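One chain, chain A, appears in both complexes that follow, with chain B as partner in the first and chain C in the second.
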Partner chain A sequence: MNSVIKGASYVLVHTPEMVVYNGTTQTTERVVNPESEYLKELRGHLRSYEDCVNYWPNQVYIGNAHPDELAQVEFPYFDKKKEGAERYGKYGEIMPEEEFLLLVQACDMFEVVKLDKNFVSAHKDAFAADPIITEDIVSKIEEGYELDEIKHFIENEHAEGLYHNNELVGCVRTAHDIDVNLSAHVMHENLMSKASSVLALLYAVRNAGINKEDVEYVIDCAEEACGDMNQRGGGNFAKAAAEVAGLVSATGSDSRGFCAGPTHALIEAAALVKSGAYKTVVVTAGGCTAKLGMNGKDHVKKGLPILEDCLGGFAVVISENDGVNPEINLDVLGRHTVGTGSAPQAVIGSLVTDPLDRVGWKVTDIDKFSPEMQNPDITKPAGAGDVPLANYKMIGALAVKRGDIDRKELPDFIQKHGLTGWAPTQGHIPSGVPYIGVAREDILAGNIKKAMIIGKGSLFLGRMTNLFDGVSFVIQANEGNDAAGTVSEEEVKGLIAKAMKEFAETLMAE
Partner chain B sequence: MAILEGKKVIIIGDRDGVPGPAIAECVKTAGGEIVFSSTECFV
Partner chain C sequence: MDLENQKRVKEFADEFGAENLVVVLGAAEGEAAGLAAETVTAGDPTFAGPLTGVQLGLTTYHVCEPELKAEFDEAVYDEQVGMMEMVLDVDDIVSEMSAIRDEFCKYL
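Moving on, here comes the complex of A and B:
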C-alpha cells in the first residue's frame, strides 16, 4: 500500500549579514579583488527584514499565497509588495537573523557558538515568543560572553564572526586545532544547516498533526557534509537535528545527491514506509550559507536588491496510508541512469515520459509538474533565464513529439501544467519539493489529481563524474484504502489457526 | 556547421540549458577540436 504525504513545512531565515560574510561569491571576491566596487556597494543593496517578509515569492514559500496568485503578479517581483504579508505562514515562517542566531546556539552541542551577553539579553524574549520554539530549546540558551572574549577568539583562534546590523555579536569557534573538517568555517556552515533543519522539523510535525514521538526515521537531504578528518562526510545531520527538535523515537541518516537529494530522499522515505520498516519518516533539509548572494554581482550591477538573502528549509512527513492524504506512487519513478546521456531531450525523457510510458499515461495525465522551482526574479537578471519555464518548454515539446498535445496547444500546456517559480536559489531547496505542500492541499481540495515532482542534480560539481543526475515521482489523490482497512499477516495466521482448530474439533467429535 | 571545422572550441554548458557533453558531441560531429568543456550550475 502506498505511503502518504501527511504534511509539509517550509521555512526561511533572513540572513543579510551571512550574505556579506559567508556567501562564497562575496568571500571569493574578498580574496581575489578586495577593493572591488561590488564589495563597496554590496551593503547598500541588502534588504531589510520587512522587505524580505513583504516579498511575494517568500510569502508563497511559507504558505501565505498560492503559486497561482504569484503568476498573476506583474514581473519583476522585487519592486512589488505583498499586501498583508506576515512573518508566519501555514507552512512555516521567515525568522529574523537575530533570533536565528539564538536557535543556532541552542543547536550547538560542543560549545563552539559564543554570543555576546547584551545581544542575548536583547533578543531572548523575542526568540522565546516564537510559538514553534519549545521551552526545551529556550532553556539551552546561554547567558552569553563578553564581547572582548569573542574578539579574542576571532583574532587569535580562527573563529568565524557572527553579526547583526553590521556589528559583531558572537562567533563560531573551531572544533579542533588542526582538522580542517572541524574548522570554524565548516562548523559555521553545518550549524546553520542544522538549525534551519530543526526549524523545518518543528513546523513539519505541527503541520502534519502528529506527535513528536510518532516520527521513527529522519532523512536529511541537504548539501553539506559533517564529519572529521577520518570520515569527512560521516554525518549525521538527520539525527542531530531530530535531537534538538525533540523527536525522541527517531533514528535517521543523511542522503546526498546535490539538488536531486530531496527527491531521492522522498522516494527512499516512501519506500521505507511502504515496506513497513518505519511507520512515519520525515525528510528534512536546512539551508546553505555558501549560496547566499550567489548571483549578487549581477543584482548589484542592475540596481536590484540582493535577493538571495535567505536560508531555506523544508521538511515533509511521510506516513502509512490513512485513506485520506495524497499517496506517493512508487510505480511511476523517473530515473536518469548512467547510460541516459546528457542531451536535454534524453534527460527530460528519462525523468518524465519514460515513467509515464511504463504505466501507459500521457503527459497530460499529470496535472502539475514541479521541476526546478527557482524564483525567476533571481535568475533572470543573472542571465540564467526562467528555469521552471525552460523545463516546461522541454516537457511540452516532448508531449508534442509523442502526440499527447498539438503543437498549437504548447503555450496553454505550459500555463495549465506549469507553475511560476518562487523558491530561493538554495540548491536542493528549490528542486521539485517546494510544491509538495501546495500539491497536497490542491489534491485534497480536488483541484488536481496528480503532480510530478522532479529533482535534478549537478553531480559534476563534485569532480567525481561528469554525469548529471535526476529522479522523479508522482503524488496522486488517495484511492481511499487505509492501512487499518486491510488484514495483517498476523490476523491471517490467526484466522487460519482458528479454522484448523475448528476443523480438528469437528474430526475429533466424529 | 562548417564554421567549426578545424577550429579550437571552448564549451561552457548550462545545467538547465544544454550541458557541456551534449554540445561537445555536436562540435565533434562538426569537425571542431574541443580544448575545454565544462557544465556550470547557476542555481
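Moving on, here comes the complex of A and C:
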C-alpha cells in the first residue's frame, strides 16, 4: 500500500544581518575586495522585515497565496506589495531575525550561543507569543550575558558575531580549540540550519494533525554537515532537530544529495513507510546561511533590494495510507543513473519520460510538474533566467520529440502543466518540494490528479564526481479503496485464532 | 564564473598557450553566456576570481552558435544538444557572444 502525504510545512526566517556577515558572496568579497563599492552599498539594499513579509513569493511559500495567483502578478515582483500579507500562513511563518536568534539559542545544546542580556529581555516575550513555540522551548532561553563578555569572545576567542539592526547582540563560540569542523563559523552555519529545521518540524506536525509522539523517523536533507575532525559529516541533524521539536518517539538520520537531497529523502521516506518499517516519517530541512545574498552583486548593481535575505525551511509528513491523502507512487520513480550522461535531454528523459514509459503514461498525464522552483525575481536579474520556465520548456520539448504534444501546443503545455517559481534560492529548498503542500491540497480538492516532483543536483560542487544527479516521483490522488480493501492486523489475528480454535476442536474430537 | 573554473582556465592558458585554447560555454541565457565569455577574454567583471584584471582574450563560443555546431557530428549534436537548442534563445546568445568576441578576442 502506498504511503501518503499527511501534511507539509514551509517556513522562512528573515535574516538581513546574516546576509552581511555570513553569506559567502559577502564574506568572499570582504577577503578579495574589502573596499568594494558593493560592500559599501549593500546595507542600503537590505529589506525591512515588513517588506520581506509583503513580498508575493514569500507569501506563496508560507501558504497565504496560491502559485496560480502569483502567475497573475505582473513581473517583477520586488516592487509589488501583496495586500493582506501576514507573518503567519497555513504552512508556516516568516520569523523575524531577533526571534530566530532566541530559537537558535534554545537549539544550542553545548552553550556556544551567547546572547546579550538586554537583547534577550527585549524580545523574549515576542518569541514566547509565537503560537508554534512551545513552553519547553521558551524555558531553554537563558537570561543572557553582558555585551563586554560577548565582545571578549569575538575579539579573543574567534567567536562569530550575531547581529540585529546592525548592532552586536550575541555570538556563536567555537566548540573546539583547534578542530575547524567545530569552529565558530561551522557551528553558526549548522545551528542556523538546525533551528530553521526545528521550526519547520513544529509546523509540519501541526499541519498534518498528528501528535508529536506519532513521528517514528526523521530524515534531514539539508546541505550542511556536522561532525568533528574524525567524522566531518557524521550527523545527525535529524535527531538533533527532532529533540528540540519534542518528537520523543523518533530516531532519524541525514540524507544528502545537494539540491536533489529532498527528493531522494522523500522517496526513502515513502519506501520506509510502504515497507512497514515506520508508520510516520518526516523529511525536513533547515536553511543555509552561506547562500544568503548569493546574487547580491547583481541585485545591487541593478538597483534591486537584496532578495536573498531569508533562510528557508520545509518539512513533509509521510505516513501510512489513510485512504484520503495523496499517495506517493513508488512505481513511477525517475532516476538519473551513473550511465545516463549529462546531456540535458538525457537528464530530463531519465527523470521525466523514462518513469512514465514504465507505466505507459504520457507526459500530458501529469497535471503539474515541480522541478527547480526558484523565484525568477531573484535569478533573472543575475543572468540565470527563469529556472522553472527553462525546465518546463525542456519537458515540453521532450514531449514534442516523443509526439505527446504538437510543437505548436508547447506554449499551452508550459502554461497548463507548469508553475511560476516562488522559492528562495536556498539550494535544496526550491528543488521540487515547495509544491508538495500546494499539490496535496489541489489533489484533495480534485483540481489535479497527478503531480511530478523533480529534484536535481550538481554533484561536481563536492569535487568527488563530475556526474549530474536527479530523482523524481509522482504524487497522485488516493485511490481510496486501499485502506478499506485490506485486512487489518486485528482481523488477521482474529482469523488465525478462529482457525486455531477450530483445529484444536478437531484434535479434541479425535 | 565559478572561481575554481576561472583558475582552471588560467592554468590551461599558461600550460597550452592562450592561442591554442577554445572555451565552449553552455549557459542557458545570453546574459550568463556573455558574462562567462567576458571573464575569459577581458577578465572577471565581478572582480572576485583569479581572472580579475587578466585579459586572456581567449576564443570562446556557446555550444549553440552555428560556428561551433558545424564542428559536430550531426547525430551526436542532436542527441546531446538538440533539445536545448529548441529551448534556448539562440539569437540572444549569438548576439551576446559575438559582441564580446568582436571586442575582446585576440585570436580570431
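The criterion applied here is as follows: the second predicted complex is superposed on the first by the 486 of 510 C-alpha atoms of A that agree within 3 Å, B and C clash if a C-alpha of one lies under 4 Å from a C-alpha of the other, contacts with A are read in each partner's own complex, and residues count from 1 in each chain.
Everything below uses one rule, namely that contacts are C-beta pairs under 8 Å (C-beta built on N, C-alpha and C of every residue); 3 or more make two chains touch, one makes a residue touch a chain.
Here the structure is a predicted model, which means the values were calculated and not measured.
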Exercise. If you stack the two complexes on chain A, which partner ends up touching A:N295: first (chain B), second (chain C), both, or neither?
Worked result: first
Problem set entry | Which of chain B and chain C A:V32 touches, first, second, both or neither | second
Exercise. Of the two partner chains, chain B (first) and chain C (second), which one does A:E372 touch, if any: first, second, both, or neither?
Worked result: first
For this session: Look at A:A390 in the shared chain and tell me whether it touches chain B only, chain C only, both, or neither; answer first, second, both or neither.
Result: both
For this session: Using the touch definition from the top, say if A:L398 reaches chain B (first), chain C (second), both or neither.
Result: second
Problem set entry | First (chain B), second (chain C), both or neither touched by A:S458 | first
Exercise. Of the partners chain B and chain C, which touch A:G427 in the superposed model: first, second, both, neither?
Worked result: first
Problem set entry | Which superposed partner A:A343 touches (first chain B, second chain C, both, neither) | both
For this session: Under the contact definition given at the top, report the residues of chain A touching chain B in one complex and chain C in the other.
Result: 343-344, 383-385, 390
For this session: Flag every residue of chain B that touches chain A in the complex, lowest number first.
Result: 14-22, 25, 39, 41-43
Exercise. Any idea which chain A residues touch chain C in the complex?
Worked result: 28-29, 32-33, 36, 297, 343-346, 348, 383-385, 390, 393-394, 397-398, 400-401
Seminar exercise, completed: chain C residues touching chain A in their complex are 3, 28-29, 31-32, 34-35, 46-48, 52, 79-84, 86-87
Exercise. So in the complex, which bits of chain A are touching chain B?
Worked result: 259, 295, 341-344, 372, 374, 379, 382-385, 387, 390-391, 425, 427, 430, 456, 458, 460-461, 466, 468
